[in-house]
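The following pair of complexes shares a single chain, chain A, combined with chain B in the former and chain C in the latter.
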Partner chain A sequence: MRAGHAISRWLVLLVALHAIVIFAGFFAPYDPTEQERKNPYLPPMRLHCVDSQGHFHLRPFAYALNLREGSFDQYEEDTARLLPVKFFVLGANYRLLGLVPSRWHLFGADNERIYLLGSDSFGRDQLSRFLYGGRISLFTGLLGAGVTLFLGLFVGAVAGYYGGWRDDLLMRLAELFLALPWLYLLFALRAFLPLAVGPLQAFFLIVAVLGMVGWARPARLVRGVVLSAKERDFVRAARGFGATDGYLLRRHILPETSSVLLTQAAILVPQFVLAEMTLSFLGLGVPEPVPSWGNLLSSLQQYSVLVSYWWMYLPALIMLPFFVGYLGLGSVLQQRAEPSKIGR
Partner chain B sequence: MRTARANCSSWRIIFVLLFVLAALFTLPVAASPQQKNSKEELLVLPGEIGRSGGRLVVSLRAEPKTLNPLNAPDISSREVIGAMQADLVHINRATLSTEPALAKSWKISPDGLQYTLVLRRGLKFSDGSPMDADDVQFTFRVYLDEKVHAPQRALLIFDGKPISLQKVDSQTIVFQVPKPYAVAERMFDGCAILPRHLLEKPYKEGKIAQLGALTTAPNQWAGLGPFRLKEYVAGQRLALERNPYYWKTDTKGNRLPYLDELVFLFVPSADAQVLRFQSGETDVISRLAAENFSVLSRQQKDYTMVDAGPGLEYNFLFFNLSDPTEKTPADIVQRQKWFRDVKFRQAVSSAVDREAIVRLVYQGRGAALWGLVTPGNRRWADEKLPHPPRSVERARELVKEAGFSWGAAGNGDSWLQDSGGKPVEFSIITQSSSAERSKMAALIQDDLKQLGMRVQVVPLESRSLLDRVTETKEYDACVLGAASTDADPNVDINVWLSSGGLHLWNPSQTHPATPWEAEIDRLFNAQMYARTFEERKKLYDRAQEILWENQPMIFLASPDILTGAKKSVGNFRPAVLEPYVLWNVEQLYLRNEAVNATR
Partner chain C sequence: MMHYLLRRSVHAVFLLIGVSLLAFAFTVLAPGNYFDEMRLNPQITPETIAALRAQYELNQPLPIRYVHWVSSVLHGNMGFSFAYNTPVAPLLLVRARNTLLLTVTAMLLAWGIALPLGIWSAERFGRLSDRLVSWGTAALLVIPDLALALGLLVIAVKMGRFPIGGMVSLNFENLSLAGKLRDLGFHMALPVTALVLSVLPLLVEHVRAAVAEVLGAPFLLAAEGHGIPRRTLLYRYALPAAANPLISLFGFSMGTLLSGSLLVEVVMSWPGVGPFLLEAILARDIYVVIGGVLLSTLFLVGGNFLADLLLYWADPRIRTESNA
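Presenting the complex of A and B:
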């Protein structure tokens, strides 16, 4: 009962976070690829309710920032120019869920752009890039985990249920996959691919690669569960009554693996999101200017960015709730699956 | 116990005696540079008088491949060799004009075919052996030998005929050039004089090009530069020591160089170089990116940062205009049809926001570029070259004239398509190692989007990029940069001539592919042999204008030369030519010995 309560709490958090990312077009104020070249490395604008004269404003506002004379990246607030935050405004074109064309955005400002998380070296809005980037990164994680679990379930069930040479072959193959130096293989793989890979192709490529890499571990877990399940009394009884392999697997054995799979899913998704970030960080992910969380962080490779523009770290900080959500869900699922090992 | 001590003391006496003897022998030698030796004709350098001693530490991005001036293609090798070798006539990196070096003077015959060079008297290699005309003769025999494959050879060949030389006496050499050549004395810069007594035997055995590994024993290597080899620690550093026989003094008669030691640390990344400089481990830094320059300037404590102004580096975008072969993929051949249209290239040039590149890529520390000659090269830049501001409208007109039109895409955007209805999509390759050029490509991508062109940026590792551009020719467009090694146009011969290997858009042609390339070939060759500067300038200006009209290279921007040094480094005067900081290494000195001794 309590576990169920905890699960639904984590689920609500995750669904809410994913909804924001899925509806990035609405929540993000601007087009994530649009460059505003007069505002490179603009620090996050602070929202005020009281202006410099001490007047209270009901509608929060930001001050426009002006470039300091003769400088490239030093801005100062222009207290004469207020940018009140407006809600439900018309702005850049986007497609809701990739289907419905729309121009409505949650918030925005007249005349000038509002940068709540600052801007990058091209003057692109970091908040919009973060939200849109989450679409790529989170869905690589989700899809990649889906592919992985499907493969893992299939291989694990075959190996565990049939045993014998099939088991040996599949498990040795799994060990081989666990031992391969994946990052270097990815570099090699990239060299064979055509020169220009479009964002969509790159996305599916990453999903496929992650799925291929990750199946070995869940396969071994599933195999263990299947091995023990097929010797259970009710399975033997069903077989005695003449149940076919397909029926046994579907009706009795695979349902036993569901808790392992769910736990694995909750662990794999954040892992794969991180993997996508690693690939993009190294320049192997979706190509610029399409944002992904890895692309967002890759500018931190430069020393000058590290020491000069603190807001470039912010995406890393805002990602945390996503990971906490998944890992929290994972640990609750694990507790429910193995109540005896809670104290471990 | 007792005998041991007695032994010990007698040894000590012997040791002291030996030391005194040694001192007696070495003192006169050590003192000789200070004496006014009537036999030596030293070059007196004007400038701040420095103090002797100390060690200067510099970082290099990579380990030099060799110490051998015969086969040094990489920057690190050139930087080290520059401190160890000397040439007959040298291009002053600050004034960009030639001045006497090992040759104290030179005369040109009235027909312009004979150069008579007179060597300084009393020159010695860094191992103490004397240098004379025989070494010069040997040196040029080696450079001109086809089997050696020295890169200097190309500069010593005129119209397919090599220069020749004759020794008159031990101090005088006559060089014959096959054709009167505009700035023939400039060819001597970069031709380091080689020690015949060390290299003649390996040369005869055909092994000379393989010599000069960093592991060479210091007594097996000699040069005429301010420093000589001392020690090499693989993966860490290369230490050079003062050459006591160097042939320059300051105005007070102190023999140069001032420094006792010059140490090159191998620091693999630009960021690590900045950190080392910040922590005081290195004394000078050059080739700084604008972001790092501003980081260092902001935290400036005991160092000075110098923006030496626009250098000779030019960055450009070019399209693949090479002749397709059977191996060229069909889609590239298809896209080449657009690229070959001069209006298409002009449209791209007009749509590119050069000012944004200067501001966003170089933080304003650079100059927008419309031609190959950068504003840093005032003498040769063509003032008549148009500098039109960015205009998307003009670009739209040009593509429309070229037969392109716009088709509507689903989401309200419109995309450019050619007369056959094919959408204009192509990729730009660029060096993944250069954050600056990747950024330029990203800006161009966005600029061209406004024209309706769909562009993808593909960062590639430098070697595979050059392989694609010069060998397989499987690419659409490329953003690249190059730096002239001298202000004189002749060093860029391989870029200008259609037969040149760096004529990147269509390299190493057997016949000029287009009439305008043939015209550039003619103009460039004519300026090489023209006698006066005015005549040369006129021809070279015309070549620059033809390049502008046809836009095979769309020039983007040129960065400033950004350097820094500790405040304790004296005579620090960075130049816009390579080696930006160490060009006057013999005059660099350390003001405060105490600080450096504690390291």
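Presenting the complex of A and C:
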């Protein structure tokens, strides 16, 4: 019972976080690719409720930023220009869920843009880029995990159910894939695929690569479950009644693998999100100007950015709740599946 | 003993052959090659490119290339790097040394911290201090490797104490031996910290779980009844009994560390296999890619081999089993 509660709690958290990313258009104040060239590397604006004269404002506001005298990248707050945060404002066009055209945004400001996470080298809003980037990163993770589990299920079922040479061949192949450190494997597979691709191709390319990288472990686990399930009495009885292989697999054996698959999914998704981040960070993934969590951080590879614009690191901190959600869900599922062990 | 070792070595060799075959199979699917870029250069004639392709056997069928590559490996060359215009092996060797320096140090440090911490935590199983350790490891586990490495860099820049990137300072050659070691140590501090922090949660959790499981065993209660001091009890009695799963974990943690080090090296510009491999991927320098991948397999296989040896030494059950 308690495990059930814990699972639903983590699920609620994850669904809420994903909803924010799915409706990025609404939650993000601006278009992620819209540039404001006169404002590169703006530091995050702080929200205030009390202004410099000590007056209290019910509506939170930010101060507009001005270049500090004699500097080219140091900004200071201009206490004369208040930017009150307005809620439910009309702004940049976007399509809700990719379908419904809309201009509504959760918040924004009149006249000037507010940058809660600062801006990047082109003066693009980091917060908007983070939210839109989450779409790419999380959905490569989710889709990649889907492909991986499908492959793993297929291979594991064939190996476990039919046995014999198929089993030998597939499991030896799995061993080869497990013999490589996963990041090396990821790199190797990526190395043999086209380098310069558009954002959409890159997305599907990464999903495919992730699917190839991860299938071996779930396949081995599924195989184990299938091996034990096919010897169960009710399965033998069904076979005695003339059930076909397809029916047995579909009706009796594969349902047994569901808890293994769920646990693996919770483990794989954050790992794959990280893999996408790594590839995009290194320039092997989703290319600019489309944001992803990886290429959002990649500007930190430049020493000058690292030294002068620390807030470019903030996205890495804000994405932590997503990882907390998945790890929490994964560990609860794992405890339910094998209470005695702390698995890998 | 010999039989056991032999079986593991044969297995490792087959694994390496398999990985190399797989890597070669993928090169066929790879679109483009190193010389494609030259076609854009008007100063290089198509004939030159064709000659180069022929020279490096890129127009040969795959089995022939594989055979030639294997013979090159046996000669200690591991193929030819187009970008560097030299055999791959010497290039890779230097990088491999740097990577090993990083990973082995991190490995020793991580285990050196994880063992006492895990045992300490297991001894207090369920108490507040134990739960604090669990919370700490969970918090570390949640931070993605990339965010961890970058975060360390950001902090280091703010502190201004540690060098950012590289392996040695510019004046390294002029330093005394002690100065050289100090310089190297300073440069290693950040990447090693990143690596240790990335594997530590996994290790501490496993040590804690394994030792906590043993601590309730009757033989330990008996030993405690005999008045054996707590320290000896934990390290001489409980730890060896809990060692079996931990030694397997040792092999596994090698893989995690290698993957982690690939990323950390690139982020912190450590001249190891990581940046080298990335560069080769971007240039389509395929033999370097294959060499790097094979090398990582070799490291991992080596780590597992070491774990097997340790297990053989530590667990009498395996000794008798494999001798029988």
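Keep this in mind: the second predicted complex is superposed on the first by the 320 of 344 C-alpha atoms of A that agree within 3 Å, B and C clash if a C-alpha of one lies under 4 Å from a C-alpha of the other, contacts with A are read in each partner's own complex, and residues count from 1 in each chain.
Rule of thumb we're sticking to: a residue touches a chain if its C-beta (ideal position, glycine included) is under 8 Å from a C-beta of that chain, and two chains touch if they have at least 3 such contacts.
Computed from a predicted structure; not experimentally measured.
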On the A-aligned overlay, A:172 touches which partner chain: chain B = first, chain C = second, or both, or neither?
second
Touch check for A:304: first (chain B), second (chain C), both, or neither?
first
Report for A:40: first if it touches chain B alone, second if chain C alone, otherwise both or neither.
first
Quick one: name whichever of chain B and chain C touches more residues of chain A.
C
Based on the A-chain superposition described above, do chain B and chain C contact any of the same residues on chain A, and if so which?
191, 195, 283, 303, 307
The answer for chain C against chain A in the complex is residues 15, 18-19, 22-23, 26-27, 29-32, 138, 141-147, 150-151, 153-154, 157-158, 164-165, 205-206, 209, 252, 255-256, 258-260, 262-263, 266-267, 277-278, 280-282, 284, 286, 289, 292-293, 296-297, 299-301
Of chain B, residues touching chain A in the complex
271, 274-275, 289, 291-292, 294-295, 298, 353, 356, 359-360, 363-364, 411-412, 427, 429, 432, 435, 439, 442-443, 445-446, 456-459, 464, 474-475
List the residues on chain A that touch chain C in their complex, please.
172, 175-176, 179-185, 187-195, 270, 273-274, 277-278, 281-284, 294, 297, 300-301, 303, 306-307, 310, 313, 316-317, 319-320, 323-324, 327, 341-342, 344
Residue positions on chain A within touch of chain B in the complex are 33, 35, 37, 40, 72-73, 93, 95, 101, 121-123, 191, 195-196, 198, 283, 287-289, 302-305, 307-308
